[in-house]
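In the two complexes below, chain A is the common chain; its partner is chain B in one and chain C in the other.
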Partner chain A sequence: MPDFAVIAGCALAGILYGLLGSFSLARNQALLGDVLSHAAWPGLVLMLGLTGSRNFAILGIGACLAGMAGMAILDLLGRGSNRLKPDARLALVLSGFFAVGMLLARPVQSIRPGSQGHLQAFLFGQTAALVWSDVMVIALVLALSLVFAASRWRDLTALCFDPVWRQTTPASNMATSPLLDTILVLGIVAGLPVAGVALVSALLVCLPVTARVLTKRFLPGTGLAMLLGGLLGASAPWMVMGLESLAQHFHGDSTLRLPTGPVFVLAGSICAAGALAFRYLARSRAKATGAINHAAN
Partner chain B sequence: MLPERYPAAPALDVEDVTVVLGDRTVLWDIDAVVPRRTLCAVVGPNGAGKTTFIRAVIGLLQPISGRIRIMGESFAQACRHVAYVPQRSGLDWDFPATVLDVATMGTYTSLPWWRQLGNEQRRRAKAALETVGLSDLASRSIGELSGGQQQRVLLARALAQEPELFLLDEPFQGVDAASEASILATLTSLRDSGRTVIVVHHDLHTVAERFDRAILLNVRKIADGPVSECMTESNLRRTFGARVGFDERNTDPRSMATDA
Partner chain C sequence: MLPIEWEVLLLGCLTATACGIVGGLALLRKQALMGDALGHSLLAGIGAGFWLLGSSRSPWLFPCAVASGLFAIMLVEFLAKQLGGNQATALGLIFPAFFSIGIILISLAPKSAHIDLDRVVTGNLDLAPLDRLMVDGHDYGPRVAWSMALALGFIGFYLAAYWRHLHWILFDPAGAHAMGLKPDRALSILLLLTTCVITLAFETMGTVMVVSLLVAPGATAWLLSRNLTNYLLFTVAVSLGAALTGRFATLAIDASTTAATSCAALALFGTAFLLAPQEGLLARWRASIKIRERLDARLILVHLWHHEIRGDSEIECLASALTHHLNMPEVRLNKALNRLVKDQLAEKNGPLWQTTTAGTLLGRSLVEDDTGSRED
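Moving on, here comes the complex of A and B:
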């Protein structure tokens, strides 16, 4: 039986990423999450070095600040007359911040003995070690995101579909876009204990991609992404248990431990691949039927 | 619901407006007036600054000098009464929405965020789709529309805003003849019902036949006024011929990018 905190944490993270990812995908910013998780990394390392704390609520503050700094630099690089193309901007911020984090990790590990494993856990995620305080952080960010999305739904739709037009309407006075960016940073940071810097943003992409393929409107699509995230998250620890017992059955190896985060991400990616394959088959079939009808006429 | 604070003010009054993008002067010292209840075309070659002109009017670009008044007010004050129809090519048509969803988006502008979408909004959106002839496609995904239909959806969204002033950026670009005729008919009837319509356009034929006024732009303003007066051969040659006093580099990168 998997730990209940792990199940709850994964499920809540899944719902959160289904919601936030739907906005990222709709704004054509699917890579932004990856950049933000890497941008958060040096903040987390620095905070651990400064405080020596293992408390995620404290380390998370550093991660959020660094994530916001990454977002601000991204914005800055996009301004002015010699602005960079979006892909170059994203790559620069991602690699630059991550390099700072890796550079800081060494000295931090030497001042704070025993922190190496802890940092590794945030880099690659250590879902099985989720504790209730981590889950509370995810729940808090999820609640915040839900209130924000529900109260600003219409404006968020306009922002995702046609930000330029929205800028010409009275809605331009509302700070919806910076609020959404801030909540995205909070969401990414809250999910670090689940999937780590490296994988957390995968959930931000695979859940809404699956939903997008299967729905044709924004609200049902977002709902489906959240539902799928919740279901996959809740079942990921069970999948891990199942896979581990399978390994034991065939190899007699009872020491094998599989990581939950990557299993969660992989399950989401398989869903996305399945949905895309489904659409491809449906389309080629519709095309074939169309061709036959055409020939018959 | 006219902003009657300045009932006598023209729909658009542009004075001495200069816009610089990077190190390029895209618009130089533009003066133009568009009276209310007119159908006005903004005409000029590629890179003449037409799109920049519209963007400056709706506050997306800040002129380095000059003054822009819409019905006597600044854009921020008048924006409730202005609808902008962007170039269709700048949008992501894979966005998961139906035709009715996009038309309904136009009603958002007059609805505070804490209020629910009601029957009034739905009625307005449906009426707008009716006007542009897309009622049958209301529940269709926008990704399945033709270019002309996409343009009509954007026009429907603007209609649902119920504005006094419409600003359209190249609405006939890549649009079939039937859609062009339908859009032109809609714009004409808007003018007849007392609205003001400003269209960035480059087909001189339709301008001469169907529009009331024109603004001829090529970085500088060449002429503006009633079509019969300003669309003279010499003005057109000055607009489309040699680039008066400016070299080829004086082009608007935005309009170049979106024209492609």
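Moving on, here comes the complex of A and C:
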């Protein structure tokens, strides 16, 4: 049976990504999370090199700062030549920060022997490395995001769906958008031990897409995404265990270790694919009956 | 045969050039993130290949990887239509799913077929020459270098074949179609070439850092030129520059050549982004300051002229009062006044500022005739 800390950590991360993903999907920023998670990587590596600490709360500070720097550089690139299109800016920041992290990785590993495995755990996420202090970080960020979302729900809805109209209303708050971005960075960094740099952002997409296909309304959709994230998160460690034992049964190798991130993401993607397929079939059936009715008339 | 250090350099140059060209062409079509998606998606094919073929060295892994990359792109196109043209969401949904399948399959594969999961994301240019092309017991050098050279040959052939109509195909597929060309076929071949290059570069560059080799050279060249020939020449130059800088940097510091090459490409981009003669951040900043200075000077001129006409210039045009009347900081005001003096449009007469004859004419034309504002 998986450790309780692991189940709790994954479930809380799922709820967190259901919430944050609903905002970023509604703002059409599905790929921003991917860029930010890769941007956090050099901060993680550098912090490990500087402090030698294994405590995620300390490494996370570096990752957050690097994530903020990534956001700032993305903004700077947007202020430069308008020949640079948004997709090119995202791709440059994503690969650039990751490459800097990888450039630092080997020197860091040589001054901090034994850190290689620790860094690798953050690439794909590893439940074996998840401890209660990591779960506390996720819970803290989740509480922060919930308070933020609840206290500014109307303003956030306006920001997501009609930012131009929002600017004309006196009730709009200048700080909402930067605060949301900051919380997105915090959330992505907090989830790194669960899903890893490479895949953490996928959860920001697949959970809310499933919810959005099933309901058109924002508040129930966000709730549904959080519920789905929690359920999938709680079951992800069991799925990892099941797949590991299946593979062991298949070729009798008991040293296999499966990272959690891909299993979590794949489960979420299957949900999204199921919801989309359901809608597609329903629509094509409606179209077919509509066509028949039209012909009959 | 070359010593291994030179083989790493050669391999870096070949990979960077091939990636730079195909990525540069994708950049022109605003598909910079396609490379990222392809790099992640082909892992599913590699994972499936492991299980089907039971080996990590089979040559059939290559077609498996290419097929899964192309399949992922087709799914993205289909899904983007379903989601109402939202390609970013479709990308964000499809490529992590393929990537996850790949990682799960590779992690669970028997140890006999094991490759280091770490290498998948990071790549390793330094170790790539260890895989040799052996024919009849004779060593012909690194296998990847030969495949990459072959891919470059195909790219060259493609460019030569489509060169005359490449503008139309890249920038206006609908127009190309109207001209009787077959842009869909040309773009499909380009996509196939791109997938092949990314698959070959996967081993040396990894899934993430290949993106900087795909995008950075093109983005740098795009800031420096707008002519397709020059664009491609600049792209190749930046790619080669990145490969050389990356390799020689790792001779000085102990770091991964892959990461250094990728960082070098981005450093070149950063330099161009700041310093490019027209599109650079500094040049744009300087141009905007120039425009503001010119506007300030004209504002002051109109102010002086207006009050000379009204006859209250003793109060309004006092040198000591101008900053208050125009609500302009002292420094900006003095700069603008200096400019007016230099252009002989205004002069200081005792405590008052006055327009010269030319200044009176220009001031009047600025107010009364709005075509006047366009002449310098």
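Points to keep in mind about this one:
Here is the rule we use: the second predicted complex is superposed on the first by the 276 of 297 C-alpha atoms of A that agree within 3 Å, B and C clash if a C-alpha of one lies under 4 Å from a C-alpha of the other, contacts with A are read in each partner's own complex, and residues count from 1 in each chain.
The definition used in the following text is that a residue touches a chain if its C-beta (ideal position, glycine included) is under 8 Å from a C-beta of that chain, and two chains touch if they have at least 3 such contacts.
This structure is a prediction, so every number in the text was calculated from the model and none was measured.
In the superposition on chain A, A:54 makes contact with neither chain B nor chain C.
By the touch criterion defined above, A:84 lies against chain C but remains apart from chain B after alignment on the C-alpha atoms of chain A.
In the superposed model, A:209 lies in contact with chain C only, and not with chain B. By the touch criterion stated above, A:164 is placed in contact with chain B alone, chain C being left untouched. When the two complexes are overlaid on their common chain A, residue A:28 makes contact with chain B and with chain C alike. Of the two partners chain B and chain C, more chain A residues are in touch with C. Once the two complexes are overlaid on the shared chain, A:285 sits clear of chain B and of chain C alike. Applying the stated touch rule to the two superposed structures, the overlap between the chain B and chain C interfaces on chain A comprises residues 28, 81.
Interface of chain A with chain B (complex): residues 26, 28, 81-82, 151-152, 154-155, 157-158, 160-162, 164-165, 167-172, 174, 212, 215-218, 221. Across the complex, chain A meets chain C through its residues 25, 28-31, 33-34, 38, 76-77, 79-81, 83-85, 87-88, 90-92, 94-96, 98-100, 102-107, 110, 120, 123-124, 198-199, 201-202, 204-206, 209, 243-244, 246-247, 251, 253, 255-259, 261-263, 265-266, 269, 272-273, 276, 279-280.
Of all residues in chain C, those touching chain A in their complex are 27, 30-33, 35-36, 79, 82-83, 86, 88-89, 91-93, 96-97, 99-101, 103-104, 107-108, 110-111, 117-118, 121-122, 207-212, 214-216, 218-219, 222-223, 253-256, 258-260, 262-263, 266, 269, 273, 276, 279-281, 284. Listed in rising order, the residues of chain B touching chain A in the complex are 21-23, 58-60, 79-80, 82, 84, 86, 90-92, 95-98, 101-102, 105, 108-109, 111, 113-114, 117, 141, 157, 161.
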